[in-house]
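Below is one structure, written out as structure tokens; comments come after it.
So that you can tell them apart, the chains are marked A, B, C, D, E and F in the order they are listed, and the count of residues begins at 1 in each.
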Amino acid sequence: MTQSRLTHLDMAGHARMVDVSAKPATQRKAVACGEILMASRTLDMIQSGDMPKGDVYATARIAGIMAAKKTADLIPLCHPLSLSSISVDFAAGNDKVVITAVVTTTGATGVEIEALAAVSVAALTLYDMCKAVDRGMQIDNIRLLHKSGGQSGEYNAE
Amino acid sequence: MTQSRLTHLDMAGHARMVDVSAKPATQRKAVACGEILMASRTLDMIQSGDMPKGDVYATARIAGIMAAKKTADLIPLCHPLSLSSISVDFAAGNDKVVITAVVTTTGATGVEIEALAAVSVAALTLYDMCKAVDRGMQIDNIRLLHKSGGQSGEYNAE
Amino acid sequence: MTQSRLTHLDMAGHARMVDVSAKPATQRKAVACGEILMASRTLDMIQSGDMPKGDVYATARIAGIMAAKKTADLIPLCHPLSLSSISVDFAAGNDKVVITAVVTTTGATGVEIEALAAVSVAALTLYDMCKAVDRGMQIDNIRLLHKSGGQSGEYNAE
Amino acid sequence: MTQSRLTHLDMAGHARMVDVSAKPATQRKAVACGEILMASRTLDMIQSGDMPKGDVYATARIAGIMAAKKTADLIPLCHPLSLSSISVDFAAGNDKVVITAVVTTTGATGVEIEALAAVSVAALTLYDMCKAVDRGMQIDNIRLLHKSGGQSGEYNAE
Amino acid sequence: MTQSRLTHLDMAGHARMVDVSAKPATQRKAVACGEILMASRTLDMIQSGDMPKGDVYATARIAGIMAAKKTADLIPLCHPLSLSSISVDFAAGNDKVVITAVVTTTGATGVEIEALAAVSVAALTLYDMCKAVDRGMQIDNIRLLHKSGGQSGEYNAE
Amino acid sequence: MTQSRLTHLDMAGHARMVDVSAKPATQRKAVACGEILMASRTLDMIQSGDMPKGDVYATARIAGIMAAKKTADLIPLCHPLSLSSISVDFAAGNDKVVITAVVTTTGATGVEIEALAAVSVAALTLYDMCKAVDRGMQIDNIRLLHKSGGQSGEYNAE
């Protein structure tokens, strides 16, 4: 990467939505992930308790999908995009839930913020649904895993 | 804490917005924080570069404040609340920016999700503004620091 | 009921949001229901197919709950309200799914539109999820079942 | 129609926004209708009373048009689309108002949910404006009349 | 008025949503107005042409009312409020339309921004509806006429 | 300009979102401006006071940019558009701040309403931030300066 300045600021340092009108619409994909750490008792209540786990993950999944669609309304300088697909998945780990989001579009800008927003809001939704039993949960390690389809080429996290 | 089940699910395990009509409106406060790790070169561009740092933090701050107000629209089972105050602050650390949000309300439910949402969206906004120069940034350690004002008493993270 | 004119129009016939500032905030409840008629094969795919039915109903439930919170943004003359609770339930009938929504608030206006909006949007979500296999579905019989808590007294559909 | 499963669920039964990136953008159209049954006295107040009927229908029409634009924000798995045109019309029948919505787009997915949402929200708006004089109104018979422009060919309700 | 600094900035000059938790909820009212100047031919088309003028004003009125409800989502540091009433009216003048909005609430902050937002968005809607025939329209003179109900006492524009 | 009627009304005078499906997507640009008049003491507090002016303009700038993206949600008959760029700038004048917005898109309709909305909401945000010290501010002279890129050719205000 060779950008020598923040493109979201103009020459005077003022925020702006950068001009993408010269960029062609191409197929783009982004994969982001993150995790929410919780007490093992909390994870048990989501995962293997006496109540169906479906609705906890299903609620967080829908929240993440809807958040990806709201990204341009949440992030001030983000371009509105017509997303082609969104999926959000959960995997229970050791005292944590790992969240992965995949977003694609055919557009002039990438969808990494959309994927990161889906992960973030899915994590916040898990926090909200479990907060009455566990206030010490922590959302961690939200990052971009993969990005492809734009001028800057493919990116894969190390 | 003595909740033995997730209150956001009914007896059949279905998601619902829990009934708070019997809870009195009290003054409530929540403080949340989180951080975004970045290359030192990226932090320099925000912090001490040749361009005014004002607009980067100012943009992320406004995004965080507006996200706190949108929380009930983002998080499916979250109650709408009339927030009394919101502030979002940034402190540059060692290859990271630490974000802190304070939210207060006079209402029937707490504002911890609002504070966590403000931190999350402020972090995503910093990611968005810096992503052209640094795709490896990571959002970390988002957690509740303090909560006061409800039936469950004061909470302070260890 | 003794209203002799539509209160949402002023004396000149112009739409307005009516003044509720003199109405006390009281506990209010509304129950609405509706149904979506579908081919029995479609209902089987939701209900007893080889894929978990959880996510179909869970998705429609979340959509209904979130729609109740968006009611004042959807219905032009509807007052914004801080809802105390929202639940949306589904019962499979004979070639149809019956949807019931219960909404409560402590406020100056009733929540019947919020309950009807939850039912309508839950039904639209079921339509959306099943439309690839059944375009002939029909949303029917959306109505208020019960309303209590305001000046106009309790209402129960016959 | 030969879909053998619900496309909005992945192989594990989890909700997702399906991938339309391989579908070409074509001109698409959907027509939906529905009705709201009401006491004849209520209909008279809208239709031929001493107050201009304009604002009742005009308000419901605007609500329906704006709802079509909000569809992707209301229906969790619905793709955002740039709509080309929206119209909503009303016809007074025998103790009912019949609502028809026509929506067009040039896009990768159909607009039947947008048309159904416009009808549903227009009906809810009529309910809201008349509820002080008639709580027994019923929203009925919301269905797709016509769909054209996608891979699945033209659809006309019988 | 004796404020010696901008209350929406903290001591470090950073934007914040100011704390209103100590302010009592009182009945408040604001009246704002503004005007849109246009060619007399344009005004004729709205006002006395061969097409019903109802829908032009009705559309702008609904847009203004809905904008008042969206104010806290539009204006970053504005507190969310449950509005008690909103009305928007139009008067045709000499080559202009004068727009007046009245908003009331029972709350901890005033509603002047809500009234000004209603006027602004109603004016933008008139512009949008007439722009194909008149691009030289100008929105002018948007100001607060009256404010009552808070600590700062009654305000009336000179 | 040769339009002889308001295109946003159908033959019966009813509001509709006009059909743009036959219009090609072209690169379009709009520039709008407006001003907010204020006491010189207020302008001093924004401009040259002892507190950083950055956050006042930065907040209004972000509000304007986000409003441009919300235009189709604010203005009932406005088409949703994927904006390519948005910038909002401020210049302090004699007892006023002049606001200029530039918006571009590649789309089937123009972006003049988006540019005017950005100016209007930026002005309302300045009003909101300064209202505690100056209630007599006035928003004035909001108009289109330039428009290019559509069938109707280039427009420049005289």
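Quick notes on this one:
Here, contacts are C-beta pairs under 8 Å (C-beta built on N, C-alpha and C of every residue); 3 or more make two chains touch, one makes a residue touch a chain.
Here the structure is a predicted model, which means the values were calculated and not measured.
Fewest steps needed to get from chain C to chain F, stepping only to touching chains, is 2.
Each step here moves to a touching chain, and the least such steps from chain A to chain F number 1.
Chains that touch both chain A and chain C: B, D.
Repeating the A-F interface with over half of its contact pairs identical by residue number, the matching pair from A-B, A-C or B-C is B-C.
Centroid analysis (C-alpha atoms only) places F farthest from chain C.
Here the C-alpha atoms of chain B line up with those of chain C after a rotation of 120°, rounded in steps of 5. Where chain D touches chain F, the two copies mostly use different residue numbers: shared numbers make up under half of all numbers in play. Of all chains, the one whose Cα centroid sits at the greatest distance from that of chain A is E. As a whole-number value, the distance joining the C-alpha centres of chain C and chain D reads 15 Å.
For this pair, chain A with chain D, the centres built from the Cα atoms lie 31 Å apart.
In this assembly, the C-alpha centroid of chain B lies 36 Å from the C-alpha centroid of chain D. Residues of chain C found to touch two or more other chains are 14-15, 52, 54-55, 58-59, 61-63, 66, 70, 73, 76-77, 81-82. A list of each chain pair in contact follows: A-B, A-C, A-D, A-F, B-C, B-E, B-F, C-D, C-E, D-E, D-F, E-F. Per the touch definition, chain A reaches chain D in the complex via residues 27, 57-58, 61-62, 65-66, 69-70, 81-89, 104-106.
Residues of chain A that touch chain B in their complex: 1, 3-9, 12-15, 34, 45-46, 49, 51-52, 54-56, 58-59, 62-63, 66-67, 70, 73-78, 112-113, 116-117, 120-121, 123-125, 127-144, 147, 155, 157-158. Across the complex, chain B is touched by residues 52, 54-55, 58-59, 61-63, 66 of chain F.
For chain C in complex with chain E, the residues that touch the partner chain are 10, 14-21, 72-73, 76-77, 79-82, 107-108.
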